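Both of the next two complexes hold subunit A, though its partner changes from subunit B to subunit C.
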Partner chain A sequence: MLSFVGKRLGSLVVVLFFLTLLVFTLGKVADSDPVRTYVGVNASVEAVEAAREELGLDDPIPVQFASFVGGAVQGDFGVSLASKRPISDELSTRLPATLELAGWALTLTVLIGVSLASLYSRPGRIGAVLRFVFFSAASAPSFLIAMLSVLVFYKWLGGMLPAAGRSSYGPYDDGTGFYVIDGILHASPTYTWDAIQHLLLPALAASVGAGVALARVLADGISSSLSSPWARTARALGEREGTIVRRHALRNASSPALSLLAVQAGFMVSSLVVVEQVFSWNGLGSYLSSAIGVGDFPAIAAVCLILGAVYVVLNTLVDVALAAVDPRVRLS
Partner chain B sequence: MLFSRRGTLERVEAAQASRRDSAWSALGTGEKASLIAMAAIVLLALIGPTLMPYSPIIPSGPQLAPPLSSGHVLGTDVLGMDMATRLVAGMQRSLLAAVVVTAVSAALGTLIGVLAGFRGGWLDSALMRFTDLFLAFPAMIIAMAVAAAIGQSLGSAMIGIIVVWWPLYARLVRGEVRRVVALPHVQAARVSGVRGWRLLWRHVVPAVMPTVVVTASLDIGAVVMTLAALSFIGLGTPAPAPELGRMASDGMKYFLNAWWIAVLPSVTIGLLAFVFNYAGDALRVVLRRTGV
Partner chain C sequence: MADTTVLTVSDLTVTYRGRGRVVTAVSDVSLTIDAGRCLGLVGESGSGKSTIGAAVQGIIPADGVAEATGSIVIAGRELAPITDPAWTQVRGSDVTSVFQDPMRSLDPTMTIGRMLNRYTGSAEASVAALERVQIRRAGEVLKKYPHQLSGGMRQRVMIALALAPGPRLLIADEPTTALDVSVQAEVLGVLRESIEDAGCAVLFVTHDLGVARHMCDDIAVMKDGVVVEAGPAEDVIGRPSDPYTQRLMASRITLETDRSRPVGAPERAVVASMEDVLRGLDRPALDVTGAWSDGALTWEAFTGPTAAVGAASGHPEVRLVEHVTRASLAVNEVNKTYSTRARGRRVDNHVLKDVSFEIGYREAVALVGESGSGKSTLLRIAGGIETADTGTVDAQGVAGEGTQVVFQDAGASLTPWRTVEELLRERIEHTITGRGLSRAQMRAMALSTLELVGLDASVLAARPTQLSGGQQQRVAIARAVVVPPSVLLCDEPTSALDVSVACSVLNLINLLRHSLGISIMFVTHDLAAARLIADRVLVMTGGEIVETVPAERLAQDITTDYGRRLVDAVLA
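After this line comes the complex of A and B, so read on.
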């Protein structure tokens, strides 16, 4: 087990290194000229020279890469070409926003997956209709679900749920950046409930597709478990069908579901970027799309690196968890 | 020989025809419907834009006319361009782009997979290390970074997706090649002196292709969705190009008062993905039954 963990950690470092190298290289070959974006099209020759110096573009490429890696490790991603402020300032308020949304979306994904799993394998006509509905939901782009949920819960139901932003009250000055936790820490039910209401629609929009995919895998696992010899034994011993599903089949189906969840967490990153834009959620995703709009590649690179690192680390953790649960994984 | 070559050929053809019939009749109603819907959508995307009375990029009516207005079945957008025309043009754009992305990724992955699986040795491990590295990368994020580095256009979004899509095919094909190389007929060919490119081209590649084609047909829906997501966050060709993702995100500004300009493009994307996902599954059933 220890050598497995060691191997996975080794490849984690390698992947992170190449990820950084790739993003850095993309920045070098990028279509836009960083200096021009930084100082503007009409800047004087001296201003351009000064900006080159300031951005460290006169250094040899390997030196630039070394300082890029060194900075990234310490959370310093340089200066935004658009705002001319350190990118890390922006990230420090936006990362908690995205993580909070992602956490709720993942929780909703699991809830949707587990509650729909038993409906998925329903026999007969009702089952076929349900599968059709699920299939359509899984094919809908997350921004469509986002828009429809805003139309229903905000417009038609008279503002039942808010359609934009993270809070009606703004952040606490000494807060963690996770609004629900801040509300609880300040013992304010109003603030907490308001933050939860703001979270519901974006989290739902980001989790429907992943939840349905999870339900499908769980349903497959459950139905194959139920036809296995040990399920027959359990039945022969007089266990009720519901108990067999809950106690035995669901547990056996959870290993492939866990690895699927890791894959879905990767896809969720892209739906989060989209969903944040729809709900004006001040997270990394909306920062990314605004940086794309103005060609601010250092900011784009920073967001991609952070989200990429989260994804790679998450995958490693899931691999280790799977190996801990299932010894066969360790040996393959 | 029991029967002549000609007789054999006829028997094989008859068997194939009957298997094809049984494959079609073995499909469920939903699967048949999805294949028909896919054919209809492909037809609409191919010839639809030429049938439309308006141009997709020139205003042709009042601004923000709601759906079912006279002359504009699906309404008009902020600039007064006909929604129906733009949606059909957008479908064509999306589908062509998705087919190109899938085909290029599949070709690239097949090339690398065949090289790795057939040559083996150091080349195999080098190529597979490289492939695994790309598989370990977060696909969507790399696609965004690549597309953002190249610039805002459909082409750069396509390149971004190809960069992260080929490794799946490389892994798949490499495994298939190693399986096929060990099969009796390839062994027999090798024993009879067929070597190198000829063995590869005549015996290995034809056996691998069906898997690649089935996987590619299943991928189209996913590629349509990924392209749309990139286009939505600004990594597509800006307006007035009829690009579905971009139309949806541009329409967001007005959609509380004019829902159709944002919702209709999104529904179109969902419809494309749905039909191709469903039909891809049906296609896989057909191909498996006919034993290609």
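After this line comes the complex of A and C, so read on.
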């Protein structure tokens, strides 16, 4: 098991390296001059040269790449061309915001998936209606669900849930940036509950589609597990259906569900960019869309790298979880 | 005595409802088994034997699809079939079972120990349970997962699991059918000893009369949901009174079966093919059925000149070949190695080691050996499906076109969305014979070949899934011989079939061999079938041909230890 994890970590480093290379190359071949973005259109020739040197763009390409990688490893992504501030400073509040939202969305995905999976197999009308409703929900794009949920929970239900921002109170000065955790650390139930309320709608919008897909795969897995020869063996040995589901079927059905979750997590990262816009969530997504608007390439590269890294790490975690669940993966 | 009776089934009828039809799987069956006795329930697919096996352990789902009447009494407790809520108490305590497929009957995500400890109570008791089924180093086996064990080991684990709760009744549903023959003998031995120790009653469900005779005290023969004959094993096997049992017995092939004649009772489809062949050969129409029943029908009657090759392929021009010295298949010093990576190191598996052999014109050669002996790899290399690392394969032959393969699982080897006609046409189009033929000509070829294998025009438009297992195998054979190959490669073509169907497929292969003059390479682990088809039997083990024996006196002439083990594994 340890060597398996080691191998996975090794390939993770390789993938991240190539991701960095890709992002860097894109920046070089993109048809925009970063210096112009930095100094403005009307700057003098001298100012342009000075800025070029300041940004390190005089160096040979390999040297530029090396310093880019070196910086990225330490969390230094250079200076934003638009705001002239270090990108890492700007991201320090936004990264926790996105990670917190992503974490909640993933948790909700699993919750929705597991609870729907048990409803899915309901025979008769109720099951059919539920399947229809959730199918529609899954096929709607996340921004539509986001706007609908704002309409329902904020407008029609009289502000039952907040529809914008992360908190009614603002951040703690010495906080981690994860508001729910901050609230718990400061022993403030009001603050914590408020942060959770703010999280619910965006997390729901980002997780409905993934959750329904997960439910489907999980339900299929469980029902095929229950008709498998080893389930029959368990039955013949006197196990009750509930025991068979808990002891045997869930574990066997979770392999395909986990694989799907890894893919869905990737989609979720990109759908967060949109969801954050709708809910005025000050995270990486809204940062990215404003950076794209002004051609702030170092900022775009930084966000792409971080989102990519999150995706790769999630996938690695799922691979390890798969190996833990299915001995055939790690022992053959 | 009533108190020793463990199982009493009275007037059990089970019906399945589906697609608006009601199918009776079991009808008015009554059985009893006493403690310490083994009752064999013998029958072919669809006879209802497995339904009874499932009914007496209460694992037929009570979802309204299946309905049952009658009663089942287990260890003095009367239960209504299927619906009785008390089944959950009986199952796993009074009744347990061993199933057919040891590959999939154990949860792949659990260690043997975790599964077994639940029913034995402790790791020590589990070790003892495994030792009772003759598993050595039981402590290590407890830490393993099912996929790390061989088929025979898994089935021993199944037996240990089934006997762990100390059941009064054990259901064994085809427990060795999926195993290699020599492993089968071992596992049957283990099962027999274990149940003698446990003293429980056994319901042994099987399609194999040989296995039933070996294992059971009493035998009940089933056909179409009805018990047609029941009694002590020796009486039923030795002096069968029911015509169906007699037919089943006649379909059994042993190492003594006469090789020069068709086996089993005359069968309509095969008889029709034979008459067809005789007509094609312009032989005086003899009464095939009569001659077959009298034992006067020999394969020689169907041996024609090479002309038959032309006739079957739709080409009337005759090529007479008197003496052929060129081999149809020549395999010369073939080596094959499969490499896998384990823990970063390369592990080489030398599957074939300098294998050489020839199959002459019109000769049939069988290749026997257990799983992993390399026989199937050799067949795939001979058929050009895989390539050898070193060495040569020459399948040019004198007559016929190349090689064709008939696989064990005919259902899987036929493309499911194609009709039979399309499947046959596909082969014709890829041969020299088929070049430039019109649709109608190809259709005529397909039809005459289908008739040759005992099918008719009605299957032309059918898709493989609409056919029975026996029909699928016939279509697979028809596809292989529609343009006769120089060598027909058969990879265990009968091991997935019922006894009587297997018997007729073997007859068909023999008929085609004699009438079309094709050479045959027959890969199997069943010595009796090998002997029936082949002139010579090659015994393979560990990637090498260790022995070549003439088929006629196989049982007497085979000398290697390994060969003798295979002989002993054929249950007489």
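FYI, the second predicted complex is superposed on the first by the 303 of 332 C-alpha atoms of A that agree within 3 Å, B and C clash if a C-alpha of one lies under 4 Å from a C-alpha of the other, contacts with A are read in each partner's own complex, and residues count from 1 in each chain.
Criterion: contacts are C-beta pairs under 8 Å (C-beta built on N, C-alpha and C of every residue); 3 or more make two chains touch, one makes a residue touch a chain.
No experiment lies behind these values; they were computed from the predicted model shown.
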Which partner, subunit B or subunit C, touches more subunit A residues: B
Contacts of A:313 with subunit B and subunit C, given as first, second, both or neither: neither
Which superposed partner A:160 touches (first subunit B, second subunit C, both, neither): neither
Contacts of A:15 with subunit B and subunit C, given as first, second, both or neither: first
First, second, both or neither for A:326, with subunit B first and subunit C second: second
Subunit B versus subunit C as contact partner of A:288, first or second or both or neither: first
Touched partner set for A:151, first subunit B, second subunit C, both or neither: first
Doubly contacted subunit A residues - partners subunit C and subunit B: none
Touching residues (chain side subunit A, partner subunit B) in the complex: 11, 14-15, 18-19, 22-23, 26-27, 29-32, 128, 132, 135-136, 138-144, 147-148, 150-151, 154-155, 266-267, 269-271, 273-274, 277-278, 285, 288-289, 292-293, 297, 300-301, 304, 307-308, 311-312, 315
Interface residues, subunit C side, partner subunit A - complex: 57, 59, 88-89, 91-93, 95-97, 99, 101, 104-111, 119, 145, 147-148, 158, 161-162, 165, 171, 343
Contacting residues of subunit B [partner subunit A, same complex]: 30, 133, 136-142, 144-146, 148-152, 221, 225-226, 228-229, 232-235, 248-249, 252, 255-256, 259, 262-263, 266-267, 269-270, 273-274, 277-278
Residues of subunit A defined as touching subunit C within the complex: 3, 228-230, 232-240, 248, 251-252, 325-328, 331-332
